[in-house]
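Two complexes are shown next, each including subunit A; its partner changes from subunit B in the first to subunit C in the second.
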Partner chain A sequence: MSNFTADTYQNEFLPTGGTEVNAVVTVTSSGGGSTRPGAEIVILDTSLSMGVPSAKLSAAILATATAIDCIRDGVMFAVISGSTDARIVYPRDGGMAVGSDATRSAARLAVSRLGVDGGTAMGTWLRRAGELFASAPPGARHAILLTDGRNQHETSEQLDEALASVEGCFQCDCRGVGTDWEVGELRRIAQTLLGTVDIVADPRGLADDFRRLTERAMGRATGNVSLRLWTPRGATVTLVRQVAPTIEELTHRGRPVDELSVDYPTGSWGDESRDYHLAIRVSARGLGDEMLAGRVTLIEDGELRGQALVKAIWTEDEQRSTQINREVAHYTGQAELAEAIQDGLEARKAGDCETATIKLGRAVALATASGNASTMKLLAGVVEIDDPVTGTVRLRAGVAEADEMALDTRSTKTVRLGSG
Partner chain B sequence: MTACCPSGHASSTTDYCDQCGAPIGAVEVDTSTTTRHDPCPGCSASRSGDDRFCEGCGHDFEAPSAVWEAVVSADRRRSEGQASDLVAFPDVYPERSFRLEVARVQIGRSRPRPGGSVPEIDLAGTPEDQGISHLHALLERQADGSYALRDLGSTNGTTVNDDPTPVGSDAGRPLVDGDRIRLGAWTTVTLRRR
Partner chain C sequence: MSDRATIGFAGCGGCGTPHAPGDRFCEQCGASLESTSAPADRDACSSCGAAPGARDEDGYCTICGLRGRARGDRDELDLSAAAAVSDQGLVHRRNEDAFHLEVVAERHGAAVVCDGISSATAGDLAAQGAARAAGRALALAAGDPSSDAIVATLGAIRAAGDAVELVPWSPEVDRAMPSCTLVSALWRDGELVIGWIGDSRAYWLTEDGCRQLTTDDSWAAEQVAAGTITADEAARDSRFHAITHWVGADAPARPPQVVTLRPEHPGRLMLCSDGLWNYAPRAADLAALVDALPAAAGPAAVARSLTETALARGGRDNITVAVIDIEPEDPARRRHQ
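Entry: the complex of A and B
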């Protein structure tokens, strides 16, 4: 059972008639010994393209074996091989296996015999994973989906339907190997299933990546955790966004609990810390009045675990009311940075070099100002930087596709204030 | 635990109101030791703890609860000497009785138009006393649960019992059990305590 603490960073002072309340809430979970069994499924793309070159499939098999090795004793697990349909590679009895030396080595053996065949239908793979998880006891449920291509054998609508049917059942980290897959497609899956998306350009990097993902999943000690936001009568929630470690829009993912409270999904937690940017529109009160604009509580399995308060105080003192809180400003910048990168890359793809240069230049300036070094490094692979402070850049000719995709997938990764 | 915020909302949170977000401060009522009371019958304000008197209107919560009733009848004696058709004394006048259940009871005659206000004691309908104004008089509950009478600026005025002095519109005239309110051409409203 984890402990959650939540802290609010905000300027609670509003000018006369002011209605916009902004705050960053940092939620930290700690003390979670893994008391829950949990469940893990690896979904491996075994469509024909995975065999070209053959090193891709063997790297994927090695990575899956590495992930299997990280499965702790007692944790339920399974491996799905995905092509035009979804086949359960291990275990063969239809349910999920319980982690032990014997099951782990049997699973490794079954995976090593995998061959390639057929096409790509990720929605079908996810549905099958959902069915398997449903047979496992409650706890943290996590999947890794590895693919190398586009979801060619399903329509976009079919994928959406499949996603809707498994949303909330399990979390899924998505990995694209090579450069023939589509960032937007995997991002859609990862966002819906509260996971991450990343590129593994070189298949040799897969095993390490799978180890990290599985170990993190094993460290998650909580069940499904919701961020519950109460706001007073007459108030409107205009923004709920996870802003660290990555940007995830949650505004439209809330589920009303009662008239005044909405639950936003956050999945399960290990020992970690995440930041949320909230914006609430309230009705203005009189000068000197104080009001609670929002109450954030963390809910795990229906139980309350820690809370933070977002306040509003109306003042005549302009020096106080005009200040923008540092955390709020910082994360507003980080969100703008991610947007500038995605817009810039899209413009570049569409051949609109002017827009691409402006957007990516803006991204460089924002990354410089916030000290986001890793994003800066990725940007440097796509543009020549003449002046990092003003964001004067030139588009590079002949950018490696992998560099561009890496920038795209990691554009949502943020840095914390002062960490750069 | 529930608390009551400055705006009067009952809140399950004790730091800020769980309805309007106002700070609650020290006003806190622990319902585990105090029984929950109905709001004041006089002014509908919520009763603070076990307070005997209502903070809003001074109603005595512990006074034996009395039920007041207004009985409307026609008084032939009063119509004598009046010849207008409009106020002709009715042949049949069934007695009508109104229980006084709220703190402010208006007496009048509603107009047959949609959205028009309807007084609590509505004397419209046959047989109709045309001498009653649309909003004629007001019965107001006093701290002790009894009622006082005010005229609401009626055309023909309001009197009580055999006192010819019209009831004013500023200060209420306290009424006791059996008082007869005279209004219109021949209408009498008798107050009864049950």
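Entry: the complex of A and C
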């Protein structure tokens, strides 16, 4: 069992008549030494395009073999080959294999024989993974989906339906190899399935990436964890957003537990720390009144695992009520940074250079102010920076598509206060 | 918060009958003595009315989230012929007022109200120390007819100053040394001596109305007295609450003000901090508040009611009120003299 601790960072003081309560809650999970075996599935795109150039498939096979090597003894696993339909490459006898030297080497062999054929239908792949996971005992369930193209052989609605049917069943990290895939599409899958999305522009980088993903998945000791938010009667939750290590909107993903509590999905946890930005609108109370505006509890398999309080105190002291908490301000800026990047890239794609320049310039200024060095580096690949502080930039003419996609996929990566 | 003493007799809050320590019910009227000074049920949510059980371990209502004001936010002392209430108010995070009240015998007693200076360090400790030191000194004098009441009052306020100097504190930026205001009363068979430093006040209430016995040591009062500005202008000035004298190591070197009263008719003495008089600045305002109460309302009922009024009007400061019934000199004794 993991231990969860939660800490609140907020300015609890509201002015007379004030109703907006903002807080950043840092949740840290530790001591996850649980040996409860999880389950892991690698979903490998084997559509025709993966064979062009042939190095792409070889790199994907090598990466999958690396992931298989990282499967711990006793962990259930399987490999799916995805094209117009979904085929289980390993194990062949149905269900999932149990990690051991024998199964790992058999799986590697099966994967090495993969060839390419057919189209791309990711919804079908995900449904198949969902069916397989359903046969495994409860525990952390994680998939890696690798593709090189668009979801051409399914409608957008079909993908949405498939996502809805597997949401909450497993987590899925998505990786796009090359530059022919669509960031928005994979981001939709990753966000719904509480995973990450990233570009692996060079197929040679795949194996290392798969190793990282699999090792992280193996380190996740918890089952499904929910962030439960209690708010008082009459209050409205206006924002629930994971803000570190990446930005993930959760506001509209809550499931009501009772009249006053809502559960937001967070997936399973390793030894890690995540930050959440909450905004709650409460009814204004009298001067000097203190209200519990929110109670955050972490729920693992129905059990309470740690909590934090979000408070509101009404005061006439403007020095207190007008201060914006540092963490709240910081993450508001990081969310704006991600939005500016995505808006800027979209405008650039649409040929609206003016908007793109303003948005990406704003992003440069925000990244500079918050010390988000890695995002700054990615931005520099897309714009010429004349003044990083004011965000005076010019769009670069010949931008490598991979650079643009990398900036897009990694725009949601945030830095913590003081770490820049 | 405030120092409380119950020397002498304590009476039933319902009928005033004295009772012995340990009595649970009044022998005269049957009222529960344990409940006479207990506030209303503070466990039930005062906001949404949720049952007492609907309060979590942190003290918040599990329905509306409002935190119940914890017990101890108000100090009450009901000695029947005299009573005092000190309430944290609705805005301040702690009570920096303090009182000391003792009735040493019928018609003999002492009361002190202090208000810790909010811009000072450890204002609460200063007020508590000053109230306790002055209160004890005055209570001794109340029981010793051979002492001079004015000399005793001056000595008690000096003792308060010594106590404030002993308050442990460490310098803070923009924070003054520990300091407080003080208003004291010593009554001995019809003789009433009031002493004060700062802007805590004493009022004398009779059937004919209400009179302020003290004049504030404040910028506003001094300007009005000098005729430079009117009372209304002073009330609008940002310096209205600036006091010109206080109890503390860094206080101006001038003596406290003292006034003596020998009432011919029964009356009520009231001591209070500015947490109350801010909401009833003129004596007539206070008189109207007290007149609105039932004729039978005793000191405790009056003190509570005035406190509730200040809370209802905003409760922006700590509120402390002491109310003492004062009888004229015992006629029987006067005949003896």
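Keep this in mind: the second predicted complex is superposed on the first by the 419 of 420 C-alpha atoms of A that agree within 3 Å, B and C clash if a C-alpha of one lies under 4 Å from a C-alpha of the other, contacts with A are read in each partner's own complex, and residues count from 1 in each chain.
The definition used in the following text is that a contact is a pair of C-beta atoms (placed from the backbone, for glycine too) under 8 Å apart; a residue touches a chain by one contact, two chains touch by 3 or more.
Here the structure is a predicted model, which means the values were calculated and not measured.
When both complexes are overlaid on subunit A, subunit B and subunit C end up clashing with each other. Contacts of A:Ile358 after superposition: neither subunit B nor subunit C is touched. Contact with neither subunit B nor subunit C is seen for A:Ala369 once the two complexes are overlaid on the shared chain. By the touch criterion stated above, A:Thr315 is placed in contact with subunit C alone, subunit B being left untouched.
In the superposition on chain A, the chain among subunit B and subunit C reaching more residues of subunit A is C.
Judged by the touch definition given at the top, the superposed model places A:Leu239 against neither subunit B nor subunit C.
In the superposition on chain A, A:Leu287 makes contact with subunit C only, while subunit B stays out of contact range. Within the three-chain superposition, the subunit C stretch that clashes with subunit B turns out to be 42-50, the only such case among 6-14, 24-32, 42-50 or 276-284. The contact surfaces that subunit B and subunit C form on subunit A in the two complexes overlap at residues 231-233, 235, 260, 282, 289-293, 309, 312. Of all the residues in subunit C, the ones that touch subunit A in their complex are 47-48, 56, 58, 60-61, 63-67, 89-92, 314-316. Note for the complex: subunit A touches subunit C at residues 231-235, 260, 282, 285-293, 309, 312, 315-316. Listed in rising order, the residues of subunit A touching subunit B in the complex are 230-233, 235, 260, 282, 289-293, 295, 309, 312.
Those residues of subunit B that touch subunit A in the complex are listed here as 13, 15-23.
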